[in-house]
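Look for subunit A in each of the two complexes below; its partner is subunit B in the first and subunit C in the second.
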Partner chain A sequence: MHDMRAYKSAFFLQMQSTLCYRANILFYLTAVLIPPLAIFFLWRTVLGEVDALGAYDLGTMITYYVVVQFFIAHTPFSAWVEIGESIRDGSLTLWLVRPANHYGLYLGRLLGSWVPFWLLGLGGTAGVAALLHRYFQFQTDPVLIGAAVLMWLGGVILGFTWGYMLNLVAFWTERATGMVVLAEQAASFLAGGVIPLDLLPLQELWLFLPFRFAGWLPTQIYLGRVSRSELPLEFLKLLIWLMAFCVLVQWLWRRGLRRFAGVGV
Partner chain B sequence: MGALRVIKELLKLRFQWELAFRIDAILSLLASLLYIVGGVLLFEVIYARVESIGGWGRPEGLALVGTLALLLELEGSLLRGGLQHLPSLVHKGRLEQYLLRPVPAPLLLAFSKAIPTRVIWRLPLGVVVVAYALSLAPPLPERLLFYSLSILISLGIYALMVFCLVCLSFWVIEMQNLFWVIYDLVEFARYPASVYRGVFRLFLSTVLPLLVLANFPVQLLLRGDSPLLLLHQFLVLLGFWGLGWALWRRGLQRYQGAGG
Partner chain C sequence: MNHPQKVVEVKGLWKIYERPRKAAGLRGALQAFVRRQIDKVEALKGISFEVYEGEILGYIGPNGAGKTTTLKILAGVVHPTSGEVRVLGFVPWYRERAFLKQISFVMGSRGFLEEIGWDLSVLDSLNFIKELYGLSDLEYRQALKELTELLQLQALLNVPLRQLSHGQRARAELAAALLWRPKLLLLDEPTLGLDIITQKALRDFIKRYIHQHRAACIVTSHYMRDIEDLADRIILISQGELITAGSLTDIVERLSDRRLIRVEFEREPALDELAILGHVVENSGLQVTLEIPHARVKQVAQTLLERWLVRDLTIEEPSLEEILQRHFAQHA
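Up next, the complex of A and B:
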């Protein structure tokens, strides 16, 4: 067991580093402001002609997109491109000589870098909800809100692990950028960012995959569509997926290090 | 002519460079495919329930998805990498390596990170969607010409919009996320123009001309709209060219190089 101080330091240092560029954080607000506003116009037109699409009426649909956009825009599906690049250019050596787990350090750094974005994003999402208050459905049950956030935080770690895993592919390929971009696109789509997963054909398949934990499922919890009795089972499923991903990461890491040819420190 | 020759050589070199990473190219092709499939699925789910979206039928909706994909691919493959490189050059004071060449620096910069292989790999995806839309509602032949012209002007407008944005790096130090502003704004271009109303629609057609990008080409192709839309696009292009030029000139006055 490594000393936790290293990970905590990584978390706080990265947060400080992120906070140095406050304008940069502010610009990212558009990720939670613009897409739900744009799609609002589409759904207002479509659901002005039909009452509902599946189980979604206009209010539910608008709420879905506002909330899911917050979750997905703040989930690091591609982890950190730097991981793949450091493997490719050999600078990973600098991380290997440190007495800490590489995955843990990057997770700490990544969470530290995202916290300011999450807080500001929450304000932005509240702003969009206020702007669309005629349509937005505010959840008043604190248990459901808490469960949705907790589920999403699990999804964040799952999303990071997914991205980290794909960055490790750089041990075998010359460049992992394409893989990471694909991972990001696929995960964002499969998390329900483009269209609610329960409106898609073959929905059983999409709802089996783990990406729903980062977007679709927390949003469904927020909307009150997942009963309290179902929550423990969903959390268990999340945990199983997370453990499976972690085992796979360890396996890839060990295999990859055998191939790795780094530069000198 | 000299500038064109340099750009041609640049594209050739970048083509050879990219060919070295074939697996990466296949994976990024899949990413593009997913983006288009997402757009198509969204419209298919909607059109399974309604006849039209504010008067836009299924062929128009699909053509919009394909056209926007074409445009984003062209910009993403040929210009985005180079334009996004400007903030880092300004930040590190290394812009001289472009300013000292006997070619207009913005042009050289724009094409410096082009990925021509991506155009070959990915462009057909958008083309297939547009072709399918056309098979559902065949247009008049002259409409194809209007469409092609319109796409070219849209590409110019979009590139200039991104250029104006990256020119802000002369004033803002860390602007990595500023790119997302423009890419997020493109969300407004993904949906039929008819979903927007009144002043907001006018705003999206002039000041922030996102509807001009993909909606106008489709309106010319399948909705039989007047070719005057081309003139509208051209005026918007001129406006952004002027703004880009002014920002570049003012920015260069602020720029401090690191020498070398």
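Up next, the complex of A and C:
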């Protein structure tokens, strides 16, 4: 209970901190708008030649990209490189002496810093969808919309946990930035940000990995390609992955702390 | 009679670090990139000590002596290589919540408020700390009132941290470190970079806090004034080993068999004659300071008064700073 108070407080505190930089938030809007529009022109050219690619016609493809771009761009696959940096420069010390779980505090802080961007991104994405309304397929089933959002939120926590785990490597390598950036790129691809995963070869493999929960799967739910009866199983898989990641994080954290020297502060 | 409770108990504490070796320059960087060499550094070599409630322990030594490492072990941040440590009855590196809620680790080089957020007001950050430590509204209000009054923070509470001066930030950091009324304060260079007025204000406040709340405190500082003003007892360490421990007077007695005689003459004396009596450490014409062995103080003072026209004469112990400088220079 006390921990939840701390996480909630970290969430709101970080949100306040993010809102201090108005210009930064507005610049962000351009980053949200440009990729879906660029991809629209690309796929209109490609699918102008053929009727469909796999199960994707132009409308489905445009919808897929607009939605998946929103999901992936707003998923913190690299968590905060700040976590790895705090291990390297010793400032983690300042958090270790606090009576709260470090992972929980950082998740709260990260969500707090992202929520303003999510809201802004949602507005921007709605604008793009309206602009491309001739192609964009609007989902009207509230259950599917809710399930897609819920699945994506689970994917966000999974993405954060993945990024957090990679940052913990700094306990051994001192600097994890290179690996974290590389892993972020890979995660974005494996979440379906570049090509829909069901269009890739070896799709059984990609669809087994957890990254799909943050992009491809919620988008498929939004597109109505996952039936309601399949949803519970998918949520269960998400939960299993989350638990596995949490166990791994705990293991790395404990072992890492034994090596931590707090050098730098 | 109530005996003070033991707050910290350290027995045979060892810490060996691994430190990568890198020669200077690009060549060194390339060599380290291809083949990393690791040195083992003995930061602590079997240190033992205790701290009791209501006590302020000055933990001093030159750079790299192992002071901060000890504090990090006591705070549960660093695991020792071997040895036994109990802080408030807990093994620190298990980092139990009940333990962490009773300690506070203040580092002069880096503050927690800074870590929480530069752009946030002091009050926002203090509110966060309230939630972090699970304080009730009443506990928080009382502590906040007391700390803001004593540290004169009222006018600063709604100012973003980045707009505070270094001294104002230090006061805010101290308030942030005491909000949950810790039973053990670990202060690592708490007055680093502060002007003398702020240093004194912080020292006075720390002393009052420790004695009022029957807390315990371990303080490291390179400003000997901090130690002289704050510490009830001192531990001196060097290269990871305990050199000596005791009260300030004990340490001065033990480490220095010398005294300073400051003399103000009526007429300028011949220095070569004075040099026979002792080592002339200062000379500004009429005023001369001689350093002499403790055992000869009486005899030299008598000689000075008999042979010269003396306006004033004082006998002083060398300052802790002077003693330590000499001690570490001899043992370097």
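In this text, the second predicted complex is superposed on the first by the 260 of 265 C-alpha atoms of A that agree within 3 Å, B and C clash if a C-alpha of one lies under 4 Å from a C-alpha of the other, contacts with A are read in each partner's own complex, and residues count from 1 in each chain.
Quick note on the criterion: a residue touches a chain if its C-beta (ideal position, glycine included) is under 8 Å from a C-beta of that chain, and two chains touch if they have at least 3 such contacts.
Every value quoted in this text rests on a predicted model; they were computed, and no experiment measured them.
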Return first, second, both or neither, reflecting whether A:S91 touches subunit B, subunit C, both chains, or no partner chain.
second
In the superposition, subunit B vs subunit C on subunit A residues touched
B
Does the superposition put A:L199 against subunit B (first), subunit C (second), both, or neither?
first
So, A:V46: does it touch subunit B (first), subunit C (second), both, or neither?
first
Which superposed partner A:W253 touches (first subunit B, second subunit C, both, neither)
neither
By the touch definition at the top of the document, which applies to A:A38: first (subunit B), second (subunit C), both, or neither?
first
Just checking: does A:F27 make contact with subunit B only, subunit C only, both, or neither of them? Give me first, second, both or neither.
first
Looking at A:W118, would you say it contacts subunit B, subunit C, both, or neither? Reply first, second, both or neither.
neither
Who does A:G262 touch here: subunit B (first), subunit C (second), both, or neither?
second
In subunit A, both subunit B and subunit C touch residues 20-21
For subunit B, which residues are in contact with subunit A within the complex?
20-21, 23-28, 30-31, 34-35, 37-39, 41-42, 45-46, 49-50, 53-54, 172-178, 180-181, 184-185, 187-188, 190-192, 194-196
So in the complex, the part of subunit C that touches subunit A is made up of which residues?
17, 72, 75-79, 93, 95, 97, 100-101, 103-105, 107, 109-112, 115-117, 119-120, 124-125, 127-128, 130-134
If we count contacts the way the header does, which residues on subunit A are in touch with subunit B in the complex?
20-21, 23-25, 27-28, 30-31, 33-35, 38-39, 41-42, 44-46, 49-50, 53, 173-179, 181-182, 184-186, 189, 194-195, 199-200
What does subunit A use to touch subunit C in their complex?
2, 5-6, 8-10, 13-14, 16-17, 20-21, 91, 93-100, 105, 257-258, 260-262, 265
